[in-house]
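Presented below is the structure to which this report refers.
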Amino acid sequence: MAKKFIPLFNRVLIEKVVAPTKTAGGILLPESTSKLNSGKVIAVGAGSRGKDGNTIPVSVKEGDHVLLPEYGGTEVKLAEKEYHLYRDDDILGILQD
Amino acid sequence: MAKKFIPLFNRVLIEKVVAPTKTAGGILLPESTSKLNSGKVIAVGAGSRGKDGNTIPVSVKEGDHVLLPEYGGTEVKLAEKEYHLYRDDDILGILQD
Amino acid sequence: MAKKFIPLFNRVLIEKVVAPTKTAGGILLPESTSKLNSGKVIAVGAGSRGKDGNTIPVSVKEGDHVLLPEYGGTEVKLAEKEYHLYRDDDILGILQD
Amino acid sequence: MAKKFIPLFNRVLIEKVVAPTKTAGGILLPESTSKLNSGKVIAVGAGSRGKDGNTIPVSVKEGDHVLLPEYGGTEVKLAEKEYHLYRDDDILGILQD
Amino acid sequence: MAKKFIPLFNRVLIEKVVAPTKTAGGILLPESTSKLNSGKVIAVGAGSRGKDGNTIPVSVKEGDHVLLPEYGGTEVKLAEKEYHLYRDDDILGILQD
Amino acid sequence: MAKKFIPLFNRVLIEKVVAPTKTAGGILLPESTSKLNSGKVIAVGAGSRGKDGNTIPVSVKEGDHVLLPEYGGTEVKLAEKEYHLYRDDDILGILQD
Amino acid sequence: MAKKFIPLFNRVLIEKVVAPTKTAGGILLPESTSKLNSGKVIAVGAGSRGKDGNTIPVSVKEGDHVLLPEYGGTEVKLAEKEYHLYRDDDILGILQD
């Protein structure tokens, strides 16, 4: 079983963050809070190709917490875990604490 | 909960201005005045990528009051507040007092 | 209420000229004369972006009387007045007296 | 009423030539001869924009007699006369006596 | 009546070769031989425009016998004769004896 | 009747290889072996045009045995023989013994 | 029968890995593990053409174990074995042990 996955071009491997539906104390959170479609960057490709073949690096890096569009992304199962592959330019932005 | 959101590429985070339907004195304003689809720029991305990978900055900045197209924009909820993400080139123009 | 509007990119703000249906003396003009779809340029954007990010200025200027295509244009209401936004390359030409 | 019209970009203002259906002597010409869709160039735009903003002049000039495609062209009425606007690259060729 | 026609850009004026259905001796040729869709180049345009406005000459010249695609081409009648206009890059190739 | 055909641009003239359905000894070959859609390169064009008009040579040469896509190709009859015209970038690859 | 196949441009010849449905000891593996759509790179093309004709090499090499998209790929039979041709930019990424 493959242990490492290197996305190609400007693809980004993301592990979606499943928002908690209850607070630590067990109180049900309103459905809206848990609807943020975000995830953690696991691996990034080298980047997309400029028209002369030059490589244009992606704009996120491993560990970034990113906001994802409602649709899109390719589901990928690796070592029994579910990930999603997005193109760099489909990722909406970076969430910082 | 993320405190800061950095849009990617030429995306612009906007907080829509909901126009008052009444004057300060409580008189109902004609529906037309309240129909201006505008908003305030909260955060901007670094800019779009030129064909050689060079970054082309966006044309609006934080704090600008901007006129928005009738359609388009991606709804984004952050810390319980509603925002909209627009691409720089979809924003119609800047409203100045 | 915003007093000034700066179009973005190669957008042009135009106030349509509503052609008179009667002569000064009150004689009804044939419907055809009043059908010229034209307007006055109120404000212009900085220009469109070349592929390297360079700005390409628009080809009309404030005060120009321009001929507009039959369709297209975005209706915009500013300070209770009706304007239309056109892209520079959709404007057919300049009418000179 | 505007006396002069300057087309924008690579647009060309053309006055269509309505082919005679009878010879000078009044003899009815076969329908085919009168079907040549051609016209005279009245005014030309500065030219289209290259990708770097440079202007690429149009390939016809005022006075040229040109062959037009069967379809296309925008009808424009100026000072009660009917003209047509074509893009430079839609004009088929130049007819020379 | 125009005596000369100069195609614009990369257009090529072609007079189709109508293949003989009988040999010189009058024997009926099988339908397949007469189906070669070919023609003689009568006039060529200056060439197409590169993205910087430079002219890229066409790849055929007057007098060439060329193989034409099954579809396409614009029918043009000049001085009572029927011609066809093709774009340079739609012509399949050159037939040489 | 034309003796030589020179394809234009990046077109490639190919004579399809009709795979034998029987071995030399007459034994019927399984249908799958005879399904390889391949052919021999008879003639190649000068190449396609780069955006500045420079010629980009094709990637196969006369005599190459090439693998063809399932669909596409233009049937061309020359001197009673059937050929097919493919664009260089539609040819899948080169088969070498 | 051709012994060697050289893909053209940025095509990549891949032999799909058919995941084992049972462990070595014969125990049926859950259907999900066997669903990884991956394969081994057998041969790669020289690369795609930049707009000036320069060759942009592919990003995988012979022997790489790659993750493939759910759809796409051209089935190719060579010497009785089944392969698939993918374009370099359709391959999702490289799986490393």
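As written, the chains take the letters A, B, C, D, E, F and G, and residue 1 is the first residue of each chain.
Operating definition for what follows: a contact is a pair of C-beta atoms (placed from the backbone, for glycine too) under 8 Å apart; a residue touches a chain by one contact, two chains touch by 3 or more.
Just so it is clear, the structure is predicted and the values come from calculations on it, not from any experiment.
J.: Steps needed, at minimum, to get from subunit D to subunit G via touching chains?
T.: So the least number of steps between the two chains is 3.
J.: Where the CA atoms of subunit A average out and where those of subunit B average out, how many Å apart are those spots?
T.: Between these chains, centre-to-centre, one finds 25 Å.
J.: When the centre of a chain is set as the mean of its C-alpha atoms, what distance in Å lies between subunit D and subunit F?
T.: 44
J.: Return the residues of subunit B touching two or more other chains; collapse runs of consecutive numbers into ranges.
T.: Expected reply: 51-52.
J.: Reading around the ring from subunit D and passing subunit E first, what chain order results?
T.: D, E, F, G, A, B, C
J.: Flag every residue of subunit A that touches subunit G in the complex, lowest number first.
T.: Checking each residue of subunit A against subunit G gives 2-9, 11, 13, 45-46, 49, 51-53, 74, 76-78, 80, 85.
J.: Applying the document's contact rule, which stretches of subunit B touch subunit C when the two form their complex?
T.: Result: residues 32-33, 35-36, 38, 50-52, 54, 56-57, 59-60, 65, 67, 69-70, 88-89, 91-97 of subunit B touch subunit C.
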